[in-house]
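Two complexes, one shared chain (chain A), two partners (chain B, chain C).
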Partner chain A sequence: MVQVAEERRTRRRRASVPPPVVFALVLIPFTLEVVGVFWPAINGVWLSFLNWNGFSAAEFVGLDNYARMFTDPVFFTALRNTGIWLILFGGISFVGGLAVALLLQSERRGVGIYRSALFLPIVFSLVVTALIWNAIYQPNGILNIVLTNLGLGDWTRLWLGDPSTALYAVIVAALWRQIGYVMILFIAGLKAIDPAMLEAARVDGANWWQRLRYIVLPQLRSVNLVVLSVLIIDALRSFDIVYAMTGGGPFRSTELLSTYMFEAAFTSRQLGYGSALAVVIFLLAVGVIISYLVRAFSESKED
Partner chain B sequence: MTEKSRRSALVAGSVAFALALSGCVATGGGSSSGPGEGPDAEGPLTIQSRLTNQDAAALDAVVEAFNEKGGGQVEINEVPNETYREQLPTYLTSANPPDIYTWLGGEATRVFADEGLILDISDIWEDFDFNDALRELSQDSEGTEVFVPTSNYWWGVYYDTRLFDQLGLAEPATWDEFLDVAETLQANDVVPIGIGLTDSPWLASAWFDYLNLRINGPEFHLALLAGDESFDSPEVEAVFEAWDEILPYFDDTASGLSFNQATTDFVQNRTGMILAGSWFQGSIPADQLEHFDYFKFPVIDESVPDGEEAPTDGFFASANTDQPALAKEFLTYLASAEAQEIMYDATGSGTLLPTNPDAEVELTPYAEKGREIIQNAAGLSQFFNRDAGDDVQPSADQALTQYLAQAAEIGDILTQWQAEAQQARDARG
Partner chain C sequence: MALIDDALPMLADEPPKPVRSAPARRRTWRSPLRTAAFHVTGSLIALVWFLPILLVLLTSLRTFDDIAANGVGALPEGITAANYPEAWTTAGMGQAMVNSLIITVPTVVLSLLLASAAAYGLSRYRIPFRRTILLVMLAGNLLPVQVILVPLVRIAEALGIYDSLPAVIIAQTAFGLGFYTFVLYGFMRSIPMELQDAASIDGAGVLRTYWQVILPLCRPALAALAALAFTWIFNDLLLAITLLRTDDSFPITAAVLSLLGQYGGQWNLIAAATVIAAIPCVLVFLVFQRSFVGGLALGAVK
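== the complex of A and B ==
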């Protein structure tokens, strides 16, 4: 009797199947992902081979939409602006975020206020951010008034109306929002560094710069990976701030691939061309990130 | 998590993210099926509405009046305007579309009608009493009626009567008088022509429309917008030669101004004149409105028949509605004088003119003037995007904002405009 019970217990243990709720927890998100992400994405790729306005009969045109990019001056403007955006927005967010994180990492009195001040822009909705910066950049806005009062009247501009400054004006607004976020990521990374290592370096006579160069930065490598990936993705999908502040204008000077994609697909109703642009954005994002990852991975193998 | 698995998770995450980005285009099939047949399905009729503010109040009032009659129930589904514009093709091609839609007459409706997405209502049009221009606006390319026009409105050059009185200016009727007015305003440190382009570049199209109507006439204008003429033609170049004459009077900060800021500048007399539709009266503070007036866009060439912008709004029904009989009954009601009177009264502002000639409404002085401008016109256009199609509007926005900033480049601008407009038309299939 005892033996039978013993045997049943082991058998039950061996044949244990996870309860249905576990399957549900796996399958429901997976299904949502398939329906909400993968299926539309695959459809997007398929759409890029069509000439379709969203309601009439779609026509299969092969690679025509991709070929059109090579003769489309707006595409090259958007591509160039996206490159500038990637380098300036991505680069300054990274360096600026790291700089303020180093500055504000130690727990001194009042440091929380500075951190909050830098983080605050993220709390505002993007539309509000655009409104604030629009007001600053108005022809009679704060920026021009301040410049005039400082005796720099020659520097006043139609910041958002001048094609030579509009893109940079929007990048400043985007940076204002992004740096606080990057700072938080870096502060988290800095907190994870063992203070004993820094203490040991200090005892060995390493100065501030040496400690940064040989201990802090190498220790931050995994955080860098996250920050850079986030920044590349954020830069390539940047859309909202440009759309809200300039709509890609004046005459295309702030057009990014993403805003051009939106215009092509939803305003001009050229869903095929819009999708082809979306595919290009996707390939760029994946290309940039993978090439970075490959480099980072080969570096870490050398260690 | 190991270093490697963290990285692969990151890659997978990025891929999914970017895929989501590229996949944000809604998918759907092409058009299908003809008008609904057989008895109506049960349940209320749904109106998909993009109307806001007073226009929405007008729709509410007319729906309430219809529902009280007991012939059937109608309910309204409100959608923000921009979303509506983007989603309209999706609504119309969906398996179970809303029944009735608020929309614009002319090409804007025709593009859907030609795909068989809009209910043929030529049978109820037999009983309608609208003029021929409105009938034409309501037809698809084959001359079948698909649209019920319920209201239209006027465009004019708005100005502050106090400022004009102070400077001894009268409403200009001709191009030379207009140039004189602009000159006088400028001499008195008022920027003659205000416009805001950062968020409303489409307002520049009004200037293009009017100059083209006055120089080349309504017939050429409509042919150009329909794609039968080219934006880099000599006729269009002539439009920009005239525009060159008034370009110095345009606000040179326009490209950095939003519409709201431009309105503020106008109300505060920093700028003297603004070309706008009747809706602009809603942007002027109510207690100030009595000081503002508008005049008809001046005549440039007396031998050219007068064309006017008279954007017409109305309703159509989906071809796939499962209640075609009730839909037609409701559309018939919307066309009636009674319904249009209810709508006019409910807007309260008198900025929308009823289209039914039998509608008896007490017009405000503004509305009376607008109605005369429209009635005396030799030809009517809608507005750039309504005549050319929404998909062609972005090409005009780019071309005209660039012209306002870099007029010397006009040759290249027109070539590019024509190319972009053609691409948008080609995509219609």
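== the complex of A and C ==
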């Protein structure tokens, strides 16, 4: 008996010490990611303290690049637009995605077609999305044609050429592509809710709104967290669609931090200032996500 | 076509609940009025959502003169397929499509190979700090890509691969690894340890178990990630235009975009190019439909 137990123990111990090849399996990908992502990221932070055009000698300027943002009106335009983007793109995707998920969650005939129509745009690149919507917004495009035919000729305009509408026009295009994705996340979350709970509430006389408010939404909390994180990161990273539709214009009216960063670093070759803007994007992403996580965490402790 | 319903249990940790498919499932009675309201709302949303795609398809079949006379949004006067070959040659789309595929296919294969190896080691063996390693890898994927752009260019220059497709392949692989590893780690943890013990009793080593036992069992997760990764990498613009300089090396996204700059008003050509640029991902979507949709929901339900 003792011998058997001992034998078993040694076998378990032997199994718990991974063979060397396992370390290689883990370390090769890990190293690639460290070298390909974290090392450049740390390097990017270092670059943000330099004044450098990439050719002549780099000069260490401390926090000058960050101080410069406070006197840079374009930075504030980009920051404000990024805020608008975060709230409108993030907010409408969230609410719209949840709404269509609630509408299309039940399995019935035809629902698959409606869902497919909503998430088909996810397969397109943001560049393709940009070109599709660019055509819609053309001066003689469908939007203006429809408005004219509805007798709303006064409303027609150069949607992407007018600084007061360009940013919103781009956001609509981005939403068209994003809502289907958010819908899928929410449908997955809704499917995970125990139907018995809803049935019990129904028996107790809870109406549709009460079931949504007191059962569905609280049950979706973990999905909410995923959706919001995805939306915040997507919003702050957004680049392709703006770059492709307006390039940040007209008159910087669609400039986001990400497009301004690209322009500063690669068009005007101010590598230090561009890197500092990238660090700001990073800090905003971390800040928004952490503050949301802290709130979600303290809320769940209250229960 | 209950895509999501079909796809999710396949990717879930637990086996699908038998309750759902049980014949005893109660059919809820719905009033015809509410059913009609549902379908009216549903088809209205679907129609509005599909309209932009239809519009581009129609525009790609019109002539330049028709568009110039009647506007981009008008209905076609006649239909022509001539825009497609013309867009294909003027935008250099053949080369761009090849470039995109040269970037995308190896990146997907390499990413999944490396990520599954890491996930295998982390999920099956007591590697020290395995949770930390996993979290660090996932965190890398949450970094806004902008932070690494400038240093990436310098590293690519130092390695002598700037303005070459391998630069994009390596960067894309490194950037995606965290997420793929995280998903595969979760999936592999749901595979019973006993299977591995059985394999090792039969004399299979670490690599053999990984390749012949674990990887085949991960097929659903691998298919979902492959479909997703294909569209992400194929559709990328930012990393590509940062690491590539010459038109000949541009992927399809950049090539189509440059068409907009050069042939600004020729919407017949731009629309045709747009449709061509979307085709590979639509094909992947159609073939991997279930995996794709299930993959989108990965990580949402835990």
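By definition in this document, the second predicted complex is superposed on the first by the 286 of 303 C-alpha atoms of A that agree within 3 Å, B and C clash if a C-alpha of one lies under 4 Å from a C-alpha of the other, contacts with A are read in each partner's own complex, and residues count from 1 in each chain.
In the analysis below, contacts are C-beta pairs under 8 Å (C-beta built on N, C-alpha and C of every residue); 3 or more make two chains touch, one makes a residue touch a chain.
A quick note: this is a predicted structure, and the numbers were derived from the prediction, not measured.
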| item | value |
| --- | --- |
| Clash-or-fit label for the pair chain B, chain C on chain A | clash |
| Touched partner set for A:Ala41, first chain B, second chain C, both or neither | both |
| Partner chain in contact with A:Gly153 - chain B first, chain C second, else both or neither | neither |
| Which superposed partner A:Ile281 touches (first chain B, second chain C, both, neither) | both |
| Comparing the two partners chain B and chain C, which touches a greater set of residues in chain A | C |
| Partner chain(s) touched by A:Pro218 [first = chain B, second = chain C, both, neither] | neither |
| Chain B versus chain C as contact partner of A:Phe266, first or second or both or neither | both |
| First (chain B), second (chain C), both or neither touched by A:Ala58 | first |
| First, second, both or neither for A:Gln138, with chain B first and chain C second | both |
| Contacts of A:Gly91 with chain B and chain C, given as first, second, both or neither | neither |
| Which of chain B and chain C A:Ile290 touches, first, second, both or neither | first |
| Superposed model, chain B segment overlapping chain C, candidates 55-63, 163-171, 235-243 or 253-261 | 253-261 |
| Residues of chain A contacting chain B in one complex and chain C in the other | 33, 37-41, 43-45, 47, 134, 138, 140, 222, 226, 229, 233, 236-237, 258, 265-266, 271, 274-275, 278-279, 281-282, 285, 289 |
| Touching residues (chain side chain B, partner chain A) in the complex | 3, 6-7, 10-11, 14-28, 30-31, 86, 89-90, 92-93, 112, 115, 117, 197-199, 201, 253-258, 261, 390-395, 397-398, 401-402, 405-406, 416, 420, 423-424, 426-429 |
| Contact set on chain A toward chain C in their complex | 16-19, 21-23, 25-26, 28-30, 32-41, 43-45, 47, 100, 103-104, 107-108, 110-128, 131-136, 138, 140-146, 176, 180-181, 184-185, 187-189, 191-192, 222-223, 226-227, 229, 233, 236-237, 239-240, 243-244, 258, 261-262, 265-266, 271, 274-275, 277-279, 281-282, 285, 289 |
| In the complex, chain A residues that touch chain B | 33, 37-45, 47, 51-59, 68, 73-74, 134, 137-140, 158-163, 222, 225-226, 229, 233, 236-237, 245-247, 249-252, 258, 263, 265-275, 278-279, 281-282, 285-286, 289-290, 293, 296-297, 300 |
| Residues of chain C defined as touching chain A within the complex | 1-5, 8, 30, 35, 38-39, 41-43, 45-47, 49-50, 52-53, 55-56, 59, 70-74, 114-115, 117-118, 120-122, 124-127, 130, 133, 136-137, 140, 142-152, 154-155, 170-171, 173-175, 177-178, 181, 205-207, 210, 231, 234-238, 242, 253, 256-257, 260, 267, 270-271, 273-274, 277-278, 281-282, 284-285, 292-293, 296-297, 299-302 |
